[in-house]
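Structure record follows, encoded as structure tokens.
Letters are used for the chains, namely A, B, C and D, taken in the order the chains are written, and counting of residues starts over at 1 for each.
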């Protein structure tokens, strides 16, 4: 068992805990040996539930004191850039939750750091690339099942339940395009193998006017032109009542793939006075729980097998650039070229 | 317009009115010219709404006085046998709603009458054979898409709303197997091209105990063995809450066809707090409205083009025999051979 | 039967024939008594198949000679404006296939003509408003099931089979936005009860480069901002392989309606080596055959009952204006305000 | 990490390997520390891939030499009874793959052994009870969503690909009812909370006549009457082409639950020349991979938390009794009472 990859995690909020459990219990060849958080309750949880004894409130101390192979960063967005670079400078492999950085400049710094440390594996948490359905769709595209893809339509849709919380989160999340469409941008780039040339985004605060007061929106739509000519239609909603409805459609010259339309909770259908219905997944944790585990496994496998993660720091930078352009287009009402 | 097939209808209850409207307004080459009913309001309806002037309370008078080409029988089941034979003896073409007769003996009388009048077209209202989806499934079977069919699973499911009414109807309808499974029996014979060898039926009054008091049931299941070896699973429910859920599955040596699973009302899906749902058709009128029209059109086309209807009086007899055997099996708890 | 609405049809191409059959055979209170076409074979068809004796090559002669109540215009687009006005000036009720006119000026002429003849019913063939599913969705919206609608996503998707033919048709059809998105524009206006403020449209000739040579496209996407703040995402494809996939999604403050996702041919599912599949409708005739009949029935009912058709000449003008703005945006690469 | 449950596995065939990987890598609080197999390659695999050093060809030696907490039995069916009793007699917790025993007598012996060792947790591998959808359906039933359940329809359907292999396996598997319907029997008992009173089973060798030569079948159907009056329709197919199609339907007095209809491989739909399709899971490993893991986790959790597994040895006995009755009914053509 000495071969296990020794990992320290920083950030044990809701998503951090989810990652920590995967690393501690369900990931082959992984050993979660240290945890860092500013919140004592979270460290207590790591100790009591996960059985971790190496607990830190200082990230630097964790890096200095523990003989880690890798760090897993699930801290607040503002910390990502600094923590990524520090870990790379310690010679560690790094996984970071998105966003890679809170602006394009931070992303570029990270890109450069990864280039300085080519021996370190670096992975940015575009988790949808690990979802079995998205992975299978990529395989089908590569097999030529739909010919040449030229249009991606993709949406990220959260339940209305979370809207009140999201309003407070806007200043630090970067707003609806950077926080939610970033995954759709990444998927469009991945499936179309093309870079965005221009964006046009519209939207409004249709259900929760408070988003408008922070220059944000609760529902948006955007058109993206790509450099080789393909296009994307990306939309977001913060106000769904049926479930977390993230889905994607890839149109090619010979066919179309739909991924995740009807976000069924499971394989149960209910037939009653309301007709025939399927209940839906409630949030991205539930929708992407398999993907989060596959992502953790892939990170560890990349380290063990010395292979490159399927996305690079550059992917993080590119998606961030597009997200900022969409935000700018929404604010100005104009088409923004990249 | 002199070429139109002149039709007299007998029986203007709910289903009779539905047929009458189809014949009067929506069927090519048909002219509904006379109507017969014991109920004055129904004759008034035929006059006021359909514009029919030849109105009768006596079926015999209608046959004698009107120069009809055909009669359309939608009267109560007890009248079918007599009215069919009378019309055939008048040299008319005859459509009769199911059941053809209330027992096998009546069916045999009708069979003989149709043989005596080979120039008359006779059609029994196995309406599902005219539903576009059932017709298409038959085409697919004939094209060999599923290889050789060997198993039919078919169900007739009514909404619970109608159960109270159905209890009263049991004595004249012949009970759950003859009234509801008769269509499934006909479909199984049609798709399997085989005749029933033995039946075993079980069931109970799970929701409405009053069915038990008339030796009937509100939910049943039956296994049928066919002479060449194929089999059928037929079930009925009178207690559905989601809709009228009549569906059929045909298994062959190379594939399976499902017809009508999820009895959607239309192409609308509703996404709300209950998840993703589709509302369902509420009764067989709604589910088979296209089929009722296609049936009327086919009857008239058969007359105009002098071609044979797709089912014969013998089909009516065979299905009735099986329905009686199922009733007997349910009553006795034994396997009944035919 | 003297009360039947006497209708003359002009134009007996594929769609015209479809309308003619509906009016001749399947529409209550309608009598198709005259037909006009420049093509002798089409007049022969009307005579032989429909039994019509009043046949014309001149539209004016038909109007002058026949005692019509109404005309049904299914001629080529370039004739619509003139024929509509002539019929209105003859005091007739008028149904016209879309487009109402080939440009906004023609539409305005028609609007004025309908205002001069308020006693004449005028209906423009936005057939989707008569589709049972679209009608039901409107009812659900009016019942408040999804709260206040603020986003419509709608697409018109034709099979690739027809693309070669469509290329030739571009000059007279007005191009992809006017020919295909016009229905989606009308639906967005109908469900949102709002008028378009600005449009931005992109697209390309991804499968058939010949569309580019006529300044058109084979796949497009557009964003529409509405005056009261709502929005629409409209797309078109001429290159589908699975079927005619016209569908629409209406998002409101309490829920979402999807209309027509998965354009199933019928209720049959096929389970074989390819998995579980449903075949799709092949063209808009098949998808909207019920709607075409409901449209004809509604036109006749409006005349008989002296009620207003659900859409007016102004609806035709508005949709045409938006279609031209989308065409202009696509050509110029800019946002176009209305 | 000293608290981990130390497990030895016996049997490393395809299913055994699947279990071993789950126990070694993905199950919280589990430590797979020993492995037993008669096949040297399988022991090599356990050593090289799983890193297990305690390797045995003798089950008794493994029990004697290793300080185990539990054994996981995935050996051939004929060994189950003996190995279960030996492990219980060693004071160990025991998981055993189904069938519990190859006949009812063996099952009774196991039942008695578990009663002698109440401190040992015993779990029989009715894996479907751990599938998230089946579990959720049970919750919905318990919440009263469908009222009182009175009918279960359940099927186990394997791909035709495996039929050739299955023919050889018939003598040791006990035939189609015991090998495949055993899960459906268990589910019917679980959801209906009732015991089987009588069974009637039919079937045939429709695609592979070789099953008939070993007194077995490739497709079967059965009706079960339960003691309190409820009923079940159970069917099996060994000849599907679309996928492994195991699904279940529970009808209650207020509604119906469908579990697993359309056995989609994932959330991808393909739209191409064949229409709209979803690919299917290919075997029970793929369909129930989540359930296999949940089963392993539940076994370990039961040991750690000292709670009772959700099914007992008696459940294994009962299902086996019914399976033998179905086999007998199929052979004799008669109704068999229990």
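Operating definition for what follows: a contact is a pair of C-beta atoms (placed from the backbone, for glycine too) under 8 Å apart; a residue touches a chain by one contact, two chains touch by 3 or more.
Since the model is a prediction, treat every value here as computed from it, not as a measurement.
Least step count on the touch graph, chain A to chain D: 1. Centroid analysis (C-alpha atoms only) places A farthest from chain B.
Our note on geometry: chain A versus chain C, Cα centroid distance of 43 Å, whole angstroms. Computed from the mean C-alpha positions, the centre of chain C lies at a distance of 56 Å from the centre of chain D.
A straight line joining the Cα centres of chain B and chain C is 37 Å long.
Counting partner chains per residue, chain D shows two or more touched chains at residues 240-242, 254-256, 261, 265, 271-273. Only residues 1, 3, 24-29, 51, 132-133, 136-137, 140, 145-146, 254-261, 265-273 of chain A touch chain D when the two sit together in their complex. Against chain B, in their complex, chain D makes its touches with residues 148, 150-151, 153, 200, 202-204, 206-207, 219, 221-223, 225, 229-231, 233, 235, 237, 239-242, 251, 253-256, 261, 333-335.
By the touch criterion given at the top, residues 240-243, 245, 262-265, 271-280 of chain C touch chain D in their complex.
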